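Shared between the two complexes below is subunit A, which has subunit B as its partner in the first and subunit C in the second.
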Partner chain A sequence: MSQRKLLQKIGLYAVLTVGVIISLFPFYWAMIGATNESGKMFSSTPTLVPGTKLIENITNLNESIGIGRVMFNSLFVAGTYTVLSLIICTMAAYAFAKFHFKGRNVIFTIFLLSMMIPYHATVIPLFKMMAAFGWLNTYKALILPNLAYPFAIFLMRQNMLAFPDALIEAARIDGAGEWRIFFRIVLPSMKPALAATAIFLFMYQWNSFLWPLIAVSSEEMYTFPVALSSLFGLSRIDYGQVMAGVTLATVPIIVFFLALQRHFISGMLGSAVK
Partner chain B sequence: MRRYWNFLLLLVASMVLLAACSKNDSASSDKGEKVTLTAWAWNVNVGALKEAAKEFQQENPNIELKVEDIGRLDVYDKLSTGLAAGGTGLPDIVLVEDDRIHGYVEAFPKGFLNLSEKGFDKHADHFPQFKKDLTMVDGKFYAMPFDAGPTGMFYRKDLFEKAGVKAEEIETWDDFLEAGKKIKKATGAYAMPLDKFKDDPIFRMMLNQLGVYYFDKDGKIDLTNPKAVQAMEMLKKFDDAKLIKDVDGWNGVVSATVDGSVATIPFGAWYYGTIIDQAKDTKGKWGVFLLPAFEKGGNRAANLGGSSWMIPASTKHPEEAYKFLEFFSTTKEIQLMAMEKYGLFPSLSTAYDSELFTSGVEFFSGEKIWQLFANEMKDIPTAYYTNDYSIALDESIKAQADVFNGKDVKKALKEAAERIKARTKREINRY
Partner chain C sequence: MQSVSPRSLFPVVCGADTYGSALFFHKRRWMFESEVSSLKTNGPSAKVELGKSQKFRFHSKQIVPYLFIAPAVILFAIFMLYPIIYSFVLSFQTNDGGQFVFAGLDNYMRLFKDEIFIKALKNTFLILIIQVPIMLFLALVLATCLNSALLKLKGFFRVSFFLPAVTSLVAYSIIFSIMMMGDGIINKFLMSIGLDAVPWLSHPVWAKVALIIAMTWRWVGYNMVIYLAAMQNISEELYEAASIDGASKIRQFFSITIPQLKPVILFTAILSTIGTLQLFDEPYTLTKGGPSDATLTIGMYLYQTGFRYFDFSYASTIAYVIVVLIAILSFIQFKISGDER
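Then we have the complex of A and B:
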């Protein structure tokens, strides 16, 4: 019996190890590319060990796109967006989950349906709107348009549905105001969901490409993905720079994820137990 | 309660930060007479533009140029959005590839300045005919010709030598087919790389060489042309002889170039830049010859790629933008600088008699490859792209895939023509 279990475990770990290697290899490959000269990764015997050109590649990349500036832009935009959007989406989700008002379900359905509109179809109207406000080429145009994000509202609402109404009623009877109930009673128990939504929003904004590309037009306002894309010309691509850029661009997401990971995972387990 | 206040504080603080950071940089910093032009371009073109602007400023200290470096394909997303929004947020100068110029002018007839009206016609004689056809719509210039991509076969001399093949003896595609077989046998290297099911550059070069294209002069679908059939059949012969290396996209071509698994790469002159950037270790092993002809003595000139400058009609400084571009496009020294430093092959013919073009290229073991390309320019037939080019390209690639999968060439091209007709409502030429 225990031997069978052991075998099972070995088999499981073997499968998992393969999975880990498969999912980690692209990162490793990017890092190898970042430390080698452009073109090395194409040679008939690709190197799998780090090279010595990391500093050179990063210096060149910095010359091409100005790493500090675009990193700041991306961090600032994604960070501010995550905070603002989290507040707005959580409040909206709370209203949809716990308040009873006329047309609630209709409004919520319309919200969900808006997720079905292809993003590309909204670009030109949005662009015109931003131009009319005089917001083109500003942080406002990058951060504000997608603050109320339907999927985030949906995610939070589903989590809040499980929150017992009895607690809210008890708080009301005890004389707590609606704000107080929201911030002191409901939110504290939503930490895992908040963490998951925050990671989601941060990644969404960090990876966002088309809208930042359209909305800003001066290099000082570029976000990281837009700046990376400018490395691609017709025939001359410095793959060392590209790979160094790609590697750098993944760092903030990993850090952000690790920082919130504890809450995130306990959130998933929490809902599993229920 | 404290937590609630913390939240509100955070909200307010980030709002304030947001407002403080979004600076008001409207373009109206017209102190005195100073004009700042903005330009959109990609990659090496940015460097060339910036350097030209420095030269230009010596005579025109009041005109400044701000160049935004944008990815090649990203430029079109931004340009199309801006044009669709009625010219909002567009620059004064934008670089556009030649295969898109007609499409843009047809889709947005009032979107760009008519440069003939500004007097560009007087420079027309300095550019080859095919480039003029690409930059003119209805006989008027809408773009200023810049770089071009005269095609050639970039080949590995060491592999050719090993197989006992002489490049100068290859005159026709059939010669090249035989040579390819020999080389494969002796060295194991394929004749050419191609992303067989996703791109068709070799087919396009062959079409251009034969004086046909997806469309004819009148915009009719021309894939049923016997010459198009001839080109595709030739490609099929190479595939049947297992001489085409199926590669994955652009990176696959680069990879095949670096690892020596192909003996030749047919491409535009701009591929020189890729070779010297990525395959540094192969210095001295490369040579170039013209595309083989379809019959002895036939045309060996074709073009792939190239771009030109356009001025969006929404510009507030049309005179200054025109003046700068005229300087950029028609000044020999500027074009030579762009060529020497950035490998951008000029279409300005007055540049060709300079030393840069008549001397040998070190990386290509002293071969005079620029002279070869320059001499080719005048013989290049015009390719007709129209505003449905991307649809035709898409269907042509499908036709090529069908052929490689065993479909009859004539049938595959006819079906592709029908599909283009269905999608574009254009007529098909009957033969």
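Then we have the complex of A and C:
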């Protein structure tokens, strides 16, 4: 029995170790690429050790796409979007979860159904709209369209359903205003859910590609995915530069994720893990 | 690709403890205050005041929820609802010298004769049919492994497998593209273990395989975490009973885990279907739709039609074909899983 268990254990770790290597190797390879000169990744004896060309690659990358600007655009757009969307969606979620009002179910159902509609179906009218407003190539065009994100509303609502009504009622009887109840009583106990939703929103916006590709045409407004894609579309590609760019675009989101992952994954796993 | 996320299924149930104690505290305070107020409400004036405040509360309660949803509803109406409807209208129009005029089903008829569209449709379906089952199966296997009582370092494995799902679609597509080039690291590895190099990106079939491998890498961990969450709800007793009856782990996987997770599997299957039908970032970056349109997807064709050739109405028609396909496929998946139950 115990020998069988040992074998099972060995098998388990073997499968998972192979899985982890496959899962993490591309990240490692991007780092190798970012620290070596362009051709090194394709030489007949590829190196698996980090090189010393990181600064050079980043300098070249900076000349090609202007890292500071791209990084600022990406951070600003994703950051602003996350904060605004979190407030807007959480407010709506609170109403959907804790109030009875006319039209609630209809409106909520429309939100839910819209999740089934592909983003592509909105892209062309959005483009025409932004063009008509003169908002192409602006932060507005990048931030505004998905602020009311149905999934975020849904996620927050599910979490708020569990919040006891009695607590809200008690606060009302104590004379607390509705805003105060929302911000001081409901929100503080929603931290794990808020963190999970925030990660989700930030990742969504940071990685968003199709819409920025359409809404933004001047290099000044490029976000990371668009800048990387344009760099990778050149006829002569400097792979060291590209990999440095990929690494720079990936590190912030990984750091953001690792910092909040405890909430994120426990948010997804529900109470079971805690 | 998958823009809708499934965390929805698993609400964060915040520590019940916090609620419990806060509730207790509030109840006590409330009781105390109601005792006080019952002492006060002896005179007639107090009664009037109570009635007034109740009326006010009733009134404000009516407006409050609308104030809370207003920002979301307004933004949603402008940037989501209106475009969805407008796109539908556009799909029945055609651009006649700068003017959009009604064209009936012309655009839709055109689709059936459009060979590139049909090719894109076939490509998308081929990827869908092969990639989604492989990915979901791998995710289930990994989740089962991670759920094992024998395993330590669960957190490390979970995060490692989830990390690909955090990466931007463009970034990972570039990494895979570089790894899969003719003289890239993957071919070097294959040759070092005595296999032939594979023309990943330059052969019509291998290019699809490359796309499928890359997409599977990116999304397995994501689905794994969803399954892992759902597995917490499967009763341990089922497995114990099966072990006593002598069922092997593999048997248990197929006759307990999969049936128990069926609703969640359905959910992830629908999400992945929606995602794959919209597939754009990966083929755009990894294979650029090539070689010779072998990896052109509906999503890419829509982009080309709309923003290379600026044929907005035809592109809207393509968008609505995606909408219809999603509706049909979701319906079929619901049906299949419903009948079996």
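Note that in this section the second predicted complex is superposed on the first by the 237 of 274 C-alpha atoms of A that agree within 3 Å, B and C clash if a C-alpha of one lies under 4 Å from a C-alpha of the other, contacts with A are read in each partner's own complex, and residues count from 1 in each chain.
Keep in mind that, in the parts below, a residue touches a chain if its C-beta (ideal position, glycine included) is under 8 Å from a C-beta of that chain, and two chains touch if they have at least 3 such contacts.
Keep in mind the model is a prediction, meaning the values are calculated, not measured.
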{"item": "Subunit A as common anchor, with subunit B and subunit C clashing or fitting", "value": "clash"}
{"item": "Which of subunit B and subunit C A:Val49 touches, first, second, both or neither", "value": "neither"}
{"item": "Touched partner set for A:Leu210, first subunit B, second subunit C, both or neither", "value": "both"}
{"item": "First (subunit B), second (subunit C), both or neither touched by A:Leu155", "value": "second"}
{"item": "Partner chain(s) touched by A:Val106 [first = subunit B, second = subunit C, both, neither]", "value": "neither"}
{"item": "Which superposed partner A:Phe232 touches (first subunit B, second subunit C, both, neither)", "value": "both"}
{"item": "Which of subunit B and subunit C A:Ser38 touches, first, second, both or neither", "value": "first"}
{"item": "Residue contacts with subunit A in the superposition, subunit B compared against subunit C", "value": "C"}
{"item": "Which of subunit B and subunit C A:Pro164 touches, first, second, both or neither", "value": "second"}
{"item": "Partner chain in contact with A:Thr80 - subunit B first, subunit C second, else both or neither", "value": "first"}
{"item": "Contacts of A:Leu136 with subunit B and subunit C, given as first, second, both or neither", "value": "first"}
{"item": "Touching both subunit C and subunit B, counted on subunit A across the two superposed complexes", "value": "42, 123-124, 127-128, 210, 214, 226, 229, 232, 239"}
{"item": "Residues of subunit C touching subunit A in the complex", "value": "3-5, 7-8, 10-16, 18-19, 22-23, 26-27, 29-30, 33-34, 57, 60-62, 64-66, 68-69, 71-73, 75-76, 79-84, 86-88, 90, 141-142, 145-146, 148, 150-151, 157-164, 166-172, 174-179, 181, 183-185, 188, 217, 221, 225-226, 228-229, 232-233, 249, 274, 277-278, 280-281, 284-285, 299, 302-303, 306-307, 312, 315-316, 318-320, 322-323, 326-327, 330"}
{"item": "Subunit B residues within the subunit A interface of the complex", "value": "1, 3-4, 7, 10-11, 14-15, 17-18, 21-23, 25-26, 38, 40, 42-45, 66, 68-74, 77-78, 81-82, 84-86, 88-89, 91, 97, 251, 254-255, 257-261, 270-271, 273-274, 277-281, 305, 343"}
{"item": "Subunit C-facing residues of subunit A, complex", "value": "5, 8-9, 12-13, 15-16, 19-20, 22-24, 26-27, 29-30, 33, 41-42, 46, 88-89, 91-92, 94-96, 99, 101, 104, 107, 110-111, 114-129, 144-148, 150-151, 153-155, 158-159, 161-164, 166-167, 170-174, 178, 182, 189-193, 196, 200, 203-204, 206-207, 209-210, 214, 224-226, 228-229, 232, 239, 242-243, 246, 249-250, 253-254, 257-258, 261, 265-274"}
{"item": "Parts of subunit A lying in touch with subunit B, wherever the complex brings them together", "value": "37-39, 42-44, 64-65, 76, 80, 83-84, 87, 123-124, 127-128, 131, 134-140, 143, 179-180, 183-184, 210, 213-214, 217-219, 226, 229-239"}
